[in-house]
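Order of writing sets the labels: A, B, C, D and E. Residues in every chain begin at 1.
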């Protein structure tokens, strides 16, 4: 099996892990959400890559073309993008409220304040 | 495509590409924000104009495509300078000083 | 219209939600939501009848046949859970008009109802669908709305809990998405039934293993299985009590359903249980969940948090049933899902009424509360007995079947762990009972009266159901047996 | 010919990206992002012609739009509040 | 694609936001190369547009810099290497990239490609799959967006007292005359373009979702330059909320109509005198519903975020 041919998928792994790393390691809440966005986008790339057919073109019918890429992953990813933005918006709204009530958006400080309260 | 049109298109595209490229080099190499801005905004507008005209010639009488290209061109023509103008104004307001020639290099 | 029941089940609450936003007035919306949930409950009961008469129902959405369009596929397993979710969802919402007065600001109440309905519809959608990607979509509907619901809690820690849940939940959902993607890549289909048949050809590949692993981890995150449960206690503690009652009773059950569906129906029991060490992993995690979470629960001072940890422990029991890997074990899991929903629903509703009067649920402030709010605390006692697994309550039934299933496999130690878990449950329930009945009434409690009827009635309906199904378990047992067998056979 | 242009555009995108990484000031980054956006518009347009399906120019158009709005938004939200940090960043 | 790594490294959140924007633009470019034009369209509008905008607004509220503590770094590395290993393991067996014989292209997809023209009658296969074959998913997607709107409302909306209103919310950008004029010129064409995208989705990339975002973007642009108060006079928040609900209901009503005429939920073929015609009408209406919901939810989200900005600034000063 050719390694180079799967190039897309290796990129996906790197991106996915970068995003995932940001989500786990970062202490800043906004940054975590950015990581989440990157993580999700890498999954989109995974889906879209698998839908590609070599030599095919965009799945919009034209009379003189008969090799198209697979439209189904595109549809799924459209939905997933929407879900992604919905999550991001909600997460950011939460961050705004957290900032208002805790005065900080750093995970460590929030936990500190919670412990003080108990 | 006929020879003449081909040459014309090539000229537009290549010169556009050249402008864009020089602009980018300028943005990278120039010493301060204002000169970089100069490099970017001028070449961007002109370069994209040229490239889009080249595409217009490529479009081969597909009216919808041509109309869209013109739309993009107009849009870039309006927004590019405006955005750059706003950017410079903001930078100036915020007290970012241009580097002047008097400084030792 | 009967043929349309599968889809009506989901779209009734789904359509009712935007209507609520149009009505706006919280009082009217409250009634409207009750009507909508009641309608869903009736539909789900209708579905039970249909499934018992006709077997598996398939409904092609948009008129496109299964692998091309999206299919709703109702079999004994999901009809059983549809009843569970719509029953609990309906009962809990009847307590809403009274209880949210004290817990949610006036201008947010409409949003609460809308989010509640959306969450409800999302959960039902996950249950009803036969399409893998559709599961993801509805999972997100229910998750997003439950983040909202949790964040409506008054304590600022509710926000933090909701944020943590959002991060964990989204990672889980994305993992599920990766899993579905890989499966789709190897088979070219998204329909679960179709997947099951086509996976056989490719089940030896690495990709399918990976797909399984991602799905498994993703679902376990949602499920709050023991080491991945960190989001759950805070989320349950600081959410509005009513939301806790609803989520504790339904959301984790639906996550378990996803696990069951993928492990047994899609991948097949042979692949997942014998080929991979899933049984062993589940066994260990389930055991650890039961023991650790029960132990932690004993040390909690906030009663809501205590029961939240107890939920993690109870999830452990369900997973144990699953790990036994026989039809009897599955049946125990399913039974426990239903019964746990009943008891946790009752318990958290009781806490709702405590929170309604006391504004908080700390154990130290509840000294002597048994005399001030006798009906509420009686409900706690019955729920607690059920948690322990005393005869005549539902808890007994499911533990009985779990022990039976374990013994049938010759797993004696497992039976002992179940009993040990009951002992731990006895300790934490006793702490509450002791505080509530045998300690002198604390000063803060003077003048506290019994909770209003609006909360008491739904609460006692649940308590009575606890007792009823504990005595006459025919309905649940027969249905879960049917579901377990169909699932088990399908998996072979 | 088209491919040559595409290469040039890609290279300039890369250079813009370098500028966006380097900064040094806040405005340099915005400038680089803006430039990057314009280049992407061109790139998409050219790609459409390269693949022989130029009907996808809508995407290029929306890029231009989004790019403009982003720059305005950045300036809108950071114009006056960020005065100090942006200069000290070097 | 090293942008993502840079995002991970930089501590300046603002720079990270912009890099995320670039990252999203890049991936959209990648989607074009991969033939996914509809996806690229959406990713550009959403990833580079809306989410960058929201992040910026949030940063405005929460501050720009991240503290340097990274408590979980070790664990994170372990977790991601395990996951990466798993993925790597899984990817070893995958069908070759772009191979037309891969199973993914064999089973379900060919029907869409070969028969959607006669069954649904639209050149854009993505639209026909999205709105018809898998129309129910799209309904779910609309509901997800609606849910997000509800969530943001539940979290961020507050009742403004009268004094607040008098203090100009999101003050207009007075000094920028050029900006004001250019935007005035631009906004009508953008709105037109949104309508074009809305109704051209059958033939080219586009559709309700993208159109909704563009429509909202135009109004957001207006709000940023002329101030939130002026905008709110034009677009009343209550009306927007109503519209958000209406969009979902429009979508659902198509389903109900087909339900009542004895067909399956969302079976559009009953809407016209023959099946293909019905599909056409169905998709048109459904996309309209999606567009309305998306546009209004985006506006709801933006308005609530930016009115928070004002509220906090008021309380600070």
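Basically, a contact is a pair of C-beta atoms (placed from the backbone, for glycine too) under 8 Å apart; a residue touches a chain by one contact, two chains touch by 3 or more.
All of these numbers come straight from a predicted model, not from anything done at the bench.
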item: Shared interface partners, meaning chains that touch chain A and chain D; value: E
item: Touch-network distance, chain C to chain D, counted in steps; value: 2
item: Of all other chains, the one whose Cα centre sits farthest from chain C; value: B
item: Leader among chain pairs (count of C-beta contacts); value: A-E
item: Farthest-lying chain, centroid of Cα atoms versus that of chain A; value: B
item: Gap in Å, rounded to a whole number, between the CA centres of chain C and chain B; value: 58
item: Rounded Å distance between chain A and chain B, as computed from the means of their C-alpha atoms; value: 32
item: Chain A-chain C separation of Cα centroids, rounded to whole Å; value: 28
item: Centroid spacing, where centroids are CA-atom means, of chain A and chain E in whole angstrom; value: 14
item: Where chain B touches two or more other chains, by residue; value: 71, 75, 79, 82, 86
item: Numbers and ranges of chain A residues touching at least 2 other chains; value: 20, 29, 50, 57-58, 60, 62, 72-73, 76, 79, 83, 86-87, 90, 94-95, 97
item: For chain E, residues contacting two or more additional chains; value: 37, 57, 59, 87, 91-92, 94, 102, 104-105, 108-109, 112, 134, 137, 140-141, 144, 147-148, 151, 155, 179, 186, 193, 204-205
item: Which pairs of chains touch, using the document's own definition; value: A-C, A-D, A-E, B-D, B-E, C-E, D-E
item: Interface residues, chain A side, partner chain D - complex; value: 57-58, 60, 62
item: Parts of chain E lying in touch with chain D, wherever the complex brings them together; value: 3, 6, 12, 14-15, 18-19, 21-22, 25, 28-29, 32-33, 37, 40-41, 44-45, 48-49, 52-53, 56-57, 59-60, 64-65, 173, 179, 186, 190, 193, 197, 200, 204-206, 210, 214, 217, 220-221, 224-225, 309
item: Chain D partner contacts - residues on chain B that touch it in the complex; value: 9-10, 13-14, 16-18, 20-21, 23-25, 27-28, 33, 36-37, 40, 44, 47-48, 51-52, 54-55, 58-59, 62, 64-65, 68-69, 71-72, 75-76, 79-80, 82-84, 86-87, 90-91, 93-96
item: Chain A - residues contacting chain E, complex; value: 1-2, 5-22, 24-31, 33-35, 37-38, 41-42, 44-45, 48-62, 67-79, 81-90, 92-97, 99-100, 105-109
item: Interface residues, chain A side, partner chain C - complex; value: 20, 23, 29, 32, 36, 39-40, 43, 46-47, 50, 72-73, 76, 79-80, 83, 86-87, 90-91, 94-95, 97-98, 101-102, 110, 114, 117
